[in-house]
Structure formats: C-alpha cells, structure tokens
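Below: a set of structures, written as structure tokens.
Two complexes follow with chain A in common, the first pairing it with chain B and the second with chain C.
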Partner chain A sequence: MSECNPPVEDVESIKEGYRKYLLRKTLFIVGCCIIVFALAGVACTLGNRDIGFLEVYQIIWEHIQGVSYEPGSPEWWDDYSVVNIRLPRIVMAIIAGMGLAIGGVAMQSIMSNPLADPYTTGISSGACFGAVTALIMGFSFSSILGQYGIVTNAFVCSLVPALAMIFISRISRTSPATLILAGTALSYIFNALTTLIMITADDEKLQTAYLWQIGSFEDAMWSEIPLMLVVTVIGSIFLIFTANKLNLLILGDESAKSLGLDASKYRTLCLIALSVVTASVISFTGIIGFVGLVVPHIVRMILGSDNKFLVPASMALGAVVLLAADLVGRTLTEVGELPVGLIMSFIGGPVFLYIILRQKKGYGEVF
Partner chain B sequence: MRIEIKDLGFGYSDIPVLKNINLDLNNPQFISILGPNGVGKSTLIHCLNKILSPSSGTVLVDGKEVSEYTLKDMAKKIGYVPYTSGDSFPLSVIDTVLMGRHPHSNRRSNEADLEKVYEILRKLKMTHLALRSFDELSAGQHQKVMLARGLAQEPEILLLDEPTSNLDIRHQMDVTRMLRNLSHTQGIMVIMISHDINIAARYSDSIILMKDGTVFDVGTPEEVLTEGNIMEVYGVESRIITEDGHPHIILKDNIPDEETLWDPSESSCTMPNTGCLKG
Partner chain C sequence: MNRNQIIAIAAVIILAVAGAAVVLVTSGDDGPSDMDTTGRLMVYGNATNDDYLDNEDVKCLEDIISSGTWDKEASPLADADQDGSITEADVDMVKRLVNGESMTVYYNGYSGGDPAICKVKYPIVNCVVAGTNPAMILKSIGCQDLVVGYALGTSPDTVYFSDIIANGEAVSDSILKVDEEIFSELGTRTIITQDSASYIKNESTFVLSGADVVRIAASNTQDSLSSAITLGFLMQREESAQAYAKYCDDLLADIEKKLEEVDEKVTSLSVTMSNSVGGTTSDYYDATTRAGSINIADWNTTTQKYEEGAEWIHQYPAQFIIHARTLGYGEIDIQKTWTSNGELFSDTHAYKNGNYYILNGNIPVHLRVAYMAEIFYPDIFGEGYGDKAHQEYVDEFLDNLSGKYDVSEQFVGVISASDVS
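On to the complex of A and B.
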C-alpha cells in the first residue's frame, strides 16, 4: 500500500460523508427515544385494569390537558391507575437508565478504562451500607425513619467513597489505574462493614436488607421522582455540554493539557457529577448492575467513541434497556415479578458476552 | 515568536532531570532536539507548554512567562504532538483532528472548525482517511493524524515528541521533510525530538544537543554534529562526512557498554531496561 499517492477524494465528498455519519448517530438517538416511548406505552398496559396500548397514550394526554373525571367512574379509575400507579415506575426506569448510563460513560472516560462503571468508586457499596444501617440498626441521617430514612442513608453513605476518591485524585499525581484500585479498596471496606452489620441481624431484617440491594422499580411513587429527575437532568446537561472535554480527557492528562484543558479539574467535576447522579438513582432503586457498564459499550460499537454522541445515545439506550428489562421481569413469570437488577444480570450478561465475542477486532486496540 | 529559557531546572520529586538550561529560540525554523534516552528531552518540551511547571528558572514565550498563560491561551500558541496517544476509545480521524480546535472553539464544534479540519487533511493529503477510525490506521498514518491535530491548534510554535519513532526510513523522511516545509512555508517554529541523527542533520535548521539534563551544544547541524560531540554525548565513535552540504554520520563501534551505561555517577536513567522516565 502506498501512502505517497493516496486516492484523491475531494473535500466536498468527505463533508458529505461526515454529514451522513453525524446523521446516522442522530437517527440512532431518535430511534431509541421512539422505542422508549413505545415501551412506556406497553409497560403502562400491565396491571389489574385492562387498558389498551393506544388508550394509555390517550389517558396520559388527557391527563396532561387537565381533563378531570367524576371520582369513582371507570374513566377516573383508568386515569388514576395509569397516572398514579403505573407511570411512576416507568418514569423511574427511564431516569435510572439515563442516569446510570451517563455514569458509566463518564467513569469509563475518566478512567480511560472499558471496565469502569458508575460503581467503580465503591459508590454502590456505600449505598448498601447506608441502607443496611437504616434497615437493621434503625439508624438514620434524617429525622424521618422508614422509606425516606433508608433513601437518605443510602444517598449520604454512597457519597462517602465517592468523596474519598475525589480527595485521592486531588492530593496525588494519580493514574486512572490507581483510582480504580482505590475504588476497589473502598468497596471492600464498605462491603465488610455491611457484612458486619448483617451478621448481627435477625432473619426477617436480613431478608429486607438483602432484597433492598437488588435493584427494583416496584412500589415507585411520584414523590420519589423529583430528586432523581433534577439531579439526572443537571448531570446530563453538564456532560452533554462538556462532551468534547470528555474526549480530551481520554487522551491522557498531557495531551488534554496541551489542548487547553485543565484535566484534573475537569476530572473532579465529572466525578462529582456522576457520583451525585448515581447516588440519587440507586438510593431509590437499589443496586442495578450492568447498565452503566454495558450500555456505553453497545453504543460505542454502533456509533463509535465520540462523547458528543455517546453521552446522549447512552442515555437513550439506557432508558430502553432498563424499561425492557423491567418489562421482562414483570411478564416472565406468572407468580410474581422478578427485580430488574436480577433480569439485567441474567439477560445482560450473556448478551454482552455475545456482543464482545462477535466483535472481529479487539476492543479499542491501538497499534 | 520567541522562546527564552533562563536557568531552567526541573526535577521529578527529588531526582533532578533538567538543570541550568539556557536557550533563546527565535523565528520560524525547524529545530531538532537530540540526545540519549533519559536525558530530559521530553521534560524540556513539556516545560515549554505548561504540561510541567519548572522547579526553577523561567521560560518566556513571546516575552510573557509561561506560568502566566492560561492553558487555553497556551494551547493557541503552542501545538503539541505527543509521543504516543493513549486512545482506549478511538474516534474517527475527523473527530480526532477536530479536538485540536478545542482551544479555539466555544462550546461545540462549529462549521468553521470543521472547515479548518478539512483544509488540514487536504494539505496533509489524508482526506481518504477522514472517516476511518483512528485504531484502523497504520503507525505512519497515526503520526500524521497526530500532526494534523497539532496543526489544527493553529499554533505559532509546534512541539513534537519523537514524531518519527515507529516509522520506516521513507516515512521518517516524509514526515521530517513535511515538518521542515511547514516551518518554512507557514512560518511556524517547529521543535522536534528525534533519535535519528542523520535525518535531523539533513532537514534541521538548528540542533539542540542535550546531555545529562543540560544543553550540551546548540547551533546548525554542521556546528553541532561533530565527531567529538557525538563521542561525548552518546559515547559512540563516528566519522562525519559532508555530502550535499549536510553532515552525515557514519557510526563506528561502540565504546564498551560498561563504561557508559553502568557508571554509578550517572543519573539512574542511563541504564537500559529499567523502565525509567522516557526522554
């Protein structure tokens, strides 16, 4: 092959090619959004009352327009069960999917490591520890006990390892590898503390504590949505608008600096953003594995690694994946439903394995 | 454009890497930095564009101290082409080069930035690679993409850390000639770290020869590349002949390894295979 006389391609055709290339990426995101919309409709048909697929949208649309019904009438019940019972769960699945997926994108970029996920800082172990202290020991950071006590505890405790990581990344000239190892160490410490508390608990509490850890959208309520929503929206806006900086960060600190980015400052900002987003999601849902790890990889395989598209596309696909997994979990067995965290690992694992092995080329290899 | 380096010193924790560097570099020209491994070549260029902060002494770029530049302003003035590009997540060539526009862009890349990228790709005759993924390219194409990214910064000064490593002789010459032409036609000061004395001698306007963290000699290739200097700096016996107006180095035999490589008074980085800091 000769590079001396490369095939001449005029700039116009390259421009056209690049435009198409961007269009493909945009279409993928739009496609995912449409799927989310459709899946949400399907999920809304599940429940005691028999409401059809298209009817669901009509009910929601009318609700938004402020149409009211006589309390107790069939229309009122339809409206009530779709909007107040079914929709919160769906909205929560969408937000959790978006939040965990951008957490994964950001962490993988910060660590320049394909194995990183939103929990690499040990954030999930912290959340478990917080929830378990509330459930078993009855200790809470907030004055309210019960559901919100657990959420507050999980949120506060999950930020402890994240803050420790931010601190570690600030005080020393650390490489991504050091950060990953530090995160692993922090995870072990918090897991040990959780185990310590759990071995003292009685059977019933033990089961509750254990079940909390498996992520689920069951019993989602509107009152749980605002915090997740606001934090996830702020976090994603931050990442979407600084996506080109995230690209620079992957090049390493030297190159990032030479291109005008204060790498360590930006890394800290990203760590803060993704920690708060992840913490706000998992303290309501419990630990949902795999989305944060897998979704960014699937998007990279389809769209490439440009964070300008990777961030929004991962958000969209994350929502699709969690909504679909929750749907499967609810419809798979007649008896009851399986938690989404379990489904994710069960289906997500083999699917991801298949995708990796099908790739002809090694992932992210540079020669 | 002017780079003034006064009494520059730099150390990684307690180990001094650079000491008493004094240089005054002016005008668009093609400068090569030569010297053995671990002598502080990369450290020196990293001190020029804020990747590292000097431990002592000052570096002035166009009369202003380097520490007073913001990273962004620095990136507009000085482009940098790294030795390797750690790309765990490769982008397309266009997107890679587009990153060079970062210091100039506000928020997101706009059409004007893309136009600049197309223009650079056209000049470097790489338009056929534009939509390929960075990890699908050969070593030579990698170097060119990195160079394109450096040029996209539209710098007045371009620093390159061994841009010709991993290249065969033909590509080494192509890249080096391209760099010299760039400095002459675009009016950029190009500073390149190199290990190939003959290629540096052929194309460079000036050569900086480094030894043990100091500048051993500066001048035109004819002035710097003498048998004595090469013996002194590399510990290699050689003969210099002049052909086409350029000095050519013919290598004789090494003086025994033990004397140069295992001298305990040398800095730790002269030992082979110890994984010490490069450059």
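On to the complex of A and C.
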C-alpha cells in the first residue's frame, strides 16, 4: 500500500459518509414523492361528489385496469369525476411545480444569483402581454380564440423576451448580472404594454385579464397536459444529465472555461430549455410566483448545492409545494376557492424572508 | 202566421241554439287543438304540423300511409321515428306518445348553435336549467317544480326565481356552465339551456353519461313560443304551455292591432349588455320591430360594440334607443343604473332628445315588446300598457308571485330620462 493512500478506516468512513449523503438525498426525493402521492389522494377527494381517500386510489387503479361502468351510473360518475375532472388539475399542479422549480434551479445557477427565478428573463411579463392581448383585444396567434387562443398567445409572447435575452447573451457575451438587468428591462417594457392594453378594457375583461395573471389550476383539462409534460420532461432530463456542467457554471465563467466548459454556449442552451419549460407551464396556468425562487433555496439548505441532486429534488419539492398550495386554496374558504398563485404569494413571501434571515452564511453565499 | 208555423220556427231556433251550444261545448272537449294551428310543436310525430300532438296526428299518419303520398311541406314533422319513411311504426309511436308512454322522441332543436334534429328521453321528469331565458320559459309554462338544478349566474333574480332557487340546487355560478359532479348528484338526466353553443361547453360529458342537453331558442318572440310549446309537451305540461302561448299570442295580436293606428313609424336601435348594439339578426332587433318601430341597424352580425367616442353610431340617428339590461324583479338603484348605462350614449341623437330608455330585460320577450310599444307610441298604447300586460302574466303564470307582486309598484320595467335627476 502506497503511503499517500488514506488508511482503510478513513476510506470506509468516507464511503460510509457518502452512503449517508446519498441516502439523505434519496430519502428526501422519495419522501417528497410519497407526500405528492398522499396529497394527490387528498386533493382527489375534493369535489361535489363524495368520494373517500382510499376510494380515490381504488377508482384510479380500476380505471387503469380498464374497468368500465354503465354510463350515468354512480360508479361511472365516480370514475369520471376522479379521472376526468379532478386528476387533470392535480397532474397539472405536479408538472407546474416540477417545471417552475427546475426553471428556478437552472436560472439561479446560470446567473449565479440567488434572486434569479424562471421569470428573470421577462417570461412572465411576455406571457401576461400575450394573454391580455387575446383576452382584451381578441387577437390570437392561433386561428382559434378562446382558451387555446390565450394559451398560444401567452406561449408565443413569453418566448419573445426569452429569445431577446438569448440573443443579447450570444452577441455581446455579457455577464450574468447584465443579463438579469436586461431581463428586468424587458419585463418593464412588456408590463407597460400590458398596462396600456388593460386601461382600455371594460370591467369584465379587466377582471378576466387580472385573474389570469394570478395563476390557477381551475378548469385544468387532460388536453392541456401533454405539452407541459413533454417539455418539462425533456427540460428536466437535459438539466439532470448536464448537472455537472451546471455545477461548473456556478464557479464562474472563467473557472468553467478552465475546466473545459463553453460557459456561454451552455448558458444559452439552459436559457432555451428553462424558457420553453416555464413558458409551457405558465401559458396554461397563469403566473405562479415564488416556486422557482423558494423551492431551490429550501432544497439547497437541506441537500446542498450539487445540481445532480438539486434538480430532481427541487422537482419533487416543487410538486409538493404547488399541490399543497392548491389544496390550501381550495379548502381555505367555504365558498369558491383562492387561486394557487395568490396562495403562493402569501406563503412564498414569508417563507423566503425566513430562509434569508435564517441563513448563517452571508447573503449570496448560499451557493 | 199560424200556430204550427210559430212552433216550427221556435223548433228551428231551439235546434240552432242547441247545435251552436253543442259545437261550442264539444270544441272545448277537443282541447286547445282548434285554438291555433301555427305549427310550433317541434316534436316529430306532429304530422298535422300544429301546436299539438293528438289523435289528429295519428289520423293524419294513417291517411299518409293509406294514400301512399307524404306531402313533406304540409307534414314536415310526420316522421316520428326518423327512419325516412312513414310507416305503421310512426303511427304506433305517436299513439304511445299521445298516451304519454316513455320513449325516445325526436325534435327540432339545436346542436353546436345550429338547428338540428335532436332526440330526448320522453317525458322529461325533471331537469337542470342553464340560462335565465330558458328558466323563464320553464316558469311560464308551470315547470318550475321540475327544476332540480339551476345555473342562473352569480346573482340570480331571487324574486322572480325564488321557487327555483328554493327547490333546486345551484349547479354553477355561471349561466354558461353546469358542474358535472353536482349534476351527477341531482338524479336528473336532462339539461335545458339556450340554443347558443357558448352555453354548456362541457356538453360532451353529459352526452357521454347518457344525459340529454335540450337546447332551445328562448329569446326570440316566435321561437320562444315554439320552445315553450315543445317543452310543455316534453315535460307533460301541455295545458299550461298552451295557456302561456295563447296569452303571448293574444298580447302580440293586441299590439299588432293597435299598431295599425300608427301613421308614421318611429326609428330605433337596440342595445344589450353595456354597449352591444343589436344588428339585424339580434333578438332585440326583432323585438323592436314587433313593437312597431323601424330598427335602422343594417349590419348582419348579432351585435356591434359601441366604444366611447366612436363615430359610427352617429350614422344611425335613431329616434329611440332601447337599452336592455338585466335588472330583475327586486329593488333597483334607478339613478345609478341610469348613469352607469346611459353615460356612454349621452352623445346620441336619441339621448339628447330624451328618447334613450333602459328596459328591464329580465322578462319574457313578449312583455319586452309590450313595454317597447308603450315607449314608442304612448298615445296609442296608453300609460301603463306594459305594466298591465305584465301584471296579467305575473298573476296567471308565476305561482310564486301571483297576487303578491304589484308590477306597477314593485317592478321597474323602464327607466327614462324623466325618472332621474
């Protein structure tokens, strides 16, 4: 045995430590998945038909097995209610939580800034502008108006500031801080345009436009899920498989370059991925804040900053947070419900403040 | 004149009087079949193409079969089972329908906003209603007790619909939607709603469950009567539906008769919601013309939005603007209603001349016509014409308000410049 090799006890203790490290992370992710599973069951019991917690899982299981019922029978309505009315909302909340959380992780990493979130590039302002254009002016990029016209507009317009940011980052090789400032400027421009349209709207349209901006999972449908799901899955696979590069990017562009990473190119790829993921989510749900900001911070506090684990763990916690927030919004009032975007603003603000104040490290040292 | 001649004349007179009495009495026994033959019962099997489905239709079908010729113009609704030909099966089906037996019947309804041949399980024993106009028809034909669920918007008229609200369950806070889960708990299989496709966009769910979505035209004078008669038949409330139709027919006939006295017709425009000026296909366009005015709108879309400062409305200098708003049977802040609605039109010719009127739109369309006729021609119709017709309607057809609601005191039918400061 060479002298520079550590003693066997030390190797074992390092291995043991690493196993614990891995176990902790795995437990966290598995724990989040179990919570999502349980919360989904609880959320599935909410509705105008009385369906119990365990009954929900039974109905879903029987549906998967292809059990069919006589149309209009109580069993048929139970199945229909759970599968076609309640589940889409839950699945949407899970995907939105995952999508916005990885958007936050990616943005904070590529910008090396703890205050960055998926909306830093101005995506939300672009989406608002698109939706408001459809809702108030009746203009749509798609041939059909109505719900799909709003979604198309929000999606297309949310990518405009994102593309502008990517363009800026490619042509001027600017620093992350400049990119954030550019994103802020773009947000202001789109906000101004949105306000300009809104001041011309009547009360009814103004209310609709405003409610859209708050963000909600109400009236979610299965037809809205595929795009969100596919984009989020592709985006998350990309980030998980390139997590090591994301780790390098946090060290700064120069260090990343010295370790063989084309920081600018990778940042652009990340920007494209997170922009499309975020746009695909918010164009269906409206603007839901704080998930992308708070969730990655909580996960970092518990599991550290290794993006290999941070990305999947944030996805899992993002799903928990949004599902729980939606559940709170639906149960808090007896009449109607509070939009999830509003609940997130109520919860997200104080939680974020708590995290910042609780940090023993200095501000910005969280990475 | 000898005694025999006097007896013979007396016998002839007695026979004539007795005969006339028999005719009158037996015509009453036949039901309302002789009252109207305008073909408004849109149920297939109505071979005589009138307002009723009775033994006359059976006879008509038998005649078609025996003659071997089917005059589709005279009997467009003869094919009861919709198999394309008139056979014994149609006769049998109509006989069973006359007896009130349960079955699937075909009727002229709406699908996706367009007229279509639809089917529904007969009889409709209870239903969910979505939309204020269909709900008004159901109440007018005495079917309020069959309504187990309602979608009448966020703030339904709690006076007019008090019975429906008390006995039924709200299935949505929007008139355009019915919550599937609430519907599933109500023990009904029928939804009655407006013809427009924007109502009940989730229709496919109900169709999947085996429920029927019956779409009716409820805001046009003639179509709403046809809908009332058809629903009356489908819900086995023929008598009250026919009585309502007769009341509306009589009212329209009276208006028409009075309008004959008009020398020069006034011009008008109609407005719905906050700023939607009705075009030639609008129901309010039809109502204003039935009230004797010349509606000068010339665009073919249902409505055209008028925004503040827009110049186009000045190209239509109507003498009257009738602005229909959802005001209901309850208390109304007249001044506030006037200001919030009228301000936009304050620059128009009609408003400046004191001829901008806000009409309470929460009444059957025939009553709206009566109120409008009174507005256009006060000298001919006299003050209170609309209220009088309305009071008759309330007392005869609204069980929950009959004898308790004084239209002239409690209902604000029209708001004019003279009502506000």
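The rule is short, and it goes like this: the second predicted complex is superposed on the first by the 352 of 367 C-alpha atoms of A that agree within 3 Å, B and C clash if a C-alpha of one lies under 4 Å from a C-alpha of the other, contacts with A are read in each partner's own complex, and residues count from 1 in each chain.
Convention: a contact is a pair of C-beta atoms (placed from the backbone, for glycine too) under 8 Å apart; a residue touches a chain by one contact, two chains touch by 3 or more.
Since we're looking at a predicted model, the values are computed, not measured.
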First, second, both or neither for A:49, with chain B first and chain C second: second
First (chain B), second (chain C), both or neither touched by A:202: second
Partner chain(s) touched by A:34 [first = chain B, second = chain C, both, neither]: neither
Touched partner set for A:85, first chain B, second chain C, both or neither: second
Partner chain in contact with A:177 - chain B first, chain C second, else both or neither: neither
Partner chain in contact with A:259 - chain B first, chain C second, else both or neither: first
Chain B versus chain C as contact partner of A:14, first or second or both or neither: first
Touch count on chain A, higher of chain B and chain C: B
Contacts of A:77 with chain B and chain C, given as first, second, both or neither: second
Which of chain B and chain C A:244 touches, first, second, both or neither: first
Residue ranges of chain B in contact with chain A within the complex: 46, 49-51, 70-76, 78-80, 82, 85-92, 94-95, 99-100, 102-103, 105, 107-109, 114, 118-119, 121-122, 125-131, 133-135, 137-142, 153, 171, 174
Interface residues, chain C side, partner chain A - complex: 173, 179-182, 184-185, 189, 205, 208-211, 274-275
Chain A to chain B touching residues, read off their complex: 3-4, 6-11, 14-15, 17-18, 21, 108-109, 112-114, 241, 244-245, 247-248, 250-252, 254-255, 257-262, 300, 304-306, 308, 361, 364-367
List of chain A residues in touch with chain C within their complex: 47-49, 71-72, 74, 76-77, 80-81, 84-85, 202, 336
